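Each chain carries a letter (A, B, C and D) given by its place in the written order, and its residues are counted from 1.
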Amino acid sequence: MASQFKIRRKVEFVETDMAGIVHFSNFFRWMEACETAFYQSLGLPLISFNPGKVVGWPRVNVSCEYRAPFRYGDTVEVRLLVKEVRTRAVVYVFQFRKVVRGRPEAMVSARGEITAVCVKNDPESGQMISAPIPQTVRAKIKVAAEKSRAR
Amino acid sequence: MASQFKIRRKVEFVETDMAGIVHFSNFFRWMEACETAFYQSLGLPLISFNPGKVVGWPRVNVSCEYRAPFRYGDTVEVRLLVKEVRTRAVVYVFQFRKVVRGRPEAMVSARGEITAVCVKNDPESGQMISAPIPQTVRAKIKVAAEKSRAR
Amino acid sequence: MASQFKIRRKVEFVETDMAGIVHFSNFFRWMEACETAFYQSLGLPLISFNPGKVVGWPRVNVSCEYRAPFRYGDTVEVRLLVKEVRTRAVVYVFQFRKVVRGRPEAMVSARGEITAVCVKNDPESGQMISAPIPQTVRAKIKVAAEKSRAR
Amino acid sequence: MASQFKIRRKVEFVETDMAGIVHFSNFFRWMEACETAFYQSLGLPLISFNPGKVVGWPRVNVSCEYRAPFRYGDTVEVRLLVKEVRTRAVVYVFQFRKVVRGRPEAMVSARGEITAVCVKNDPESGQMISAPIPQTVRAKIKVAAEKSRAR
């Protein structure tokens, strides 16, 4: 189960900037890729266009702390932890570690956080409105969260 | 009128890569920004979601030749020329020139091309299908093309 | 002076995602573009490769709160405020407002923050090391900060 | 050996645009990721900062034809073929195929091409100058090209 909360990525050339390191904005792209993989591990779609259903998880708050840079060719482990499951939102924490000789370093090179709210399409207005997280989705995320804390 | 076919952009930090120059993929983002500005100069939307109307111009063919790199802080002129107006497609050429002391250099640093097809939403299938360019759109693009050739 | 702390950007097609709104990661690209323009307004380079000089401002902490989305074609005002000038770091706040009929709305659609540390190249190790902000740079940023608070 | 010329990628949310498909500029990012993996399979660095050595492969010409779009969650196979090895340049062709139930479709959804020139750092001028492809690099690429044609 644990493996479903982690992804590995290799730093790509296009992700670097003229300072020779991964541009700070790309860490948010990686968090989202990890979140997608997490959802997939639970058998949940990150976004769904079925009418009246959960259609997405827009972000209301994101942040990232950078302690050590990543460079072209580095392999990075991104680890997702469920920090909090609210009625209409989930808070994720992400830890970024450099992988050296196949293993993630102890040191966390960067730490991110995303608060995503559950929204559905309102058939009347045609707008996206926030909605309570459906019970089945909540249950799956909570189980994952407990397993993750138990480790 | 001529000014509506050109845009200027300043190279941003995030657009550079570890080689210290603008990553080659970003030239396509700039071509699209120029195409958007061109459409706007003609009073046309680049994309429209009105039912049964033109909904977009997906690309079927794009290319770019690179002769000289751009660096962080450079100002670049992107110039759009209409190369060909077909029944269902338009071919644009883009010239990239570095701006020095307020003026574009004679030398073209890069040259791009985009072939975009006109598509509309098919109400029956719900799919996007290619469509003849509407007469009003064609007329506006052709006038712009002739003015551009006449210069 | 005030105008030097604000930039306007038009949302580009490539900046949207399948939800039809600007992808949340792009707000950080815009903050950096605004920071570059602010530096330029002070006659300072955001990055410099002169030996022994300030070489850059890597980020140690960034965040963004999202209250309302931006869509393709929207014009957005990004406003930079200097929140704090520390010995080795500067904290910026960014406010994003939609521009309607030429004027920014009262409502702030998003609010970002960047903490950037001053680094220079260490001639001995060849590494980037944090450094006190040079006096001339500090003075210019402080003056800008006071003017911004006085408004 | 054949497997070293192919990579698979899952379409990410950030790679889509408001039309609901992968933005055309991202295909170039994927080509470069495939090229990096190819180089790695040959034990060659795509970029190297050793003085006097090959330092990179800037692009002089790139193109892409789009026949069918990719959507969020699609798995895509990118296949690299060496089209031509010149004295100072290599021409690659890339085929993009959607992977369905673990297998790439017969249909090629997109076809790209990159011409990359070998450059090295000129110690005298400090500039990047084009250079003949080193013999060892040429040999490895040629062997890979022949194996790829033989299949």
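The working rule: a residue touches a chain if its C-beta (ideal position, glycine included) is under 8 Å from a C-beta of that chain, and two chains touch if they have at least 3 such contacts.
Predicted, not measured: the structure shown is a model, and the values here were computed from it.
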| item | value |
| --- | --- |
| Where chain C and chain D overlap in contact partners, by chain label | A, B |
| CA centroid of chain B to CA centroid of chain D, Å | 25 |
| Distance from the mean Cα position of chain D to that of chain A, given in whole angstrom | 28 |
| Rounded Å distance, chain A centre to chain B centre (Cα mean) | 34 |
| Residues of chain C whose C-beta touches two or more other chains | 13-14, 18-19, 21, 25, 29, 32, 47, 72 |
| Contact graph of the chains (line, ring, star, complete, other) | complete |
| Chain D - residues contacting chain C, complex | 13-14, 16-21, 23, 25, 71-72 |
| Residues on chain C engaged by chain B in the complex (per definition of touch) | 10, 12-14, 29, 32-33, 36, 45-47, 72-73 |
| Chain A-touching residues of chain C, taken from the complex the two chains share | 18-19, 21, 24-26, 28-29, 32, 47, 56, 58-67, 69 |
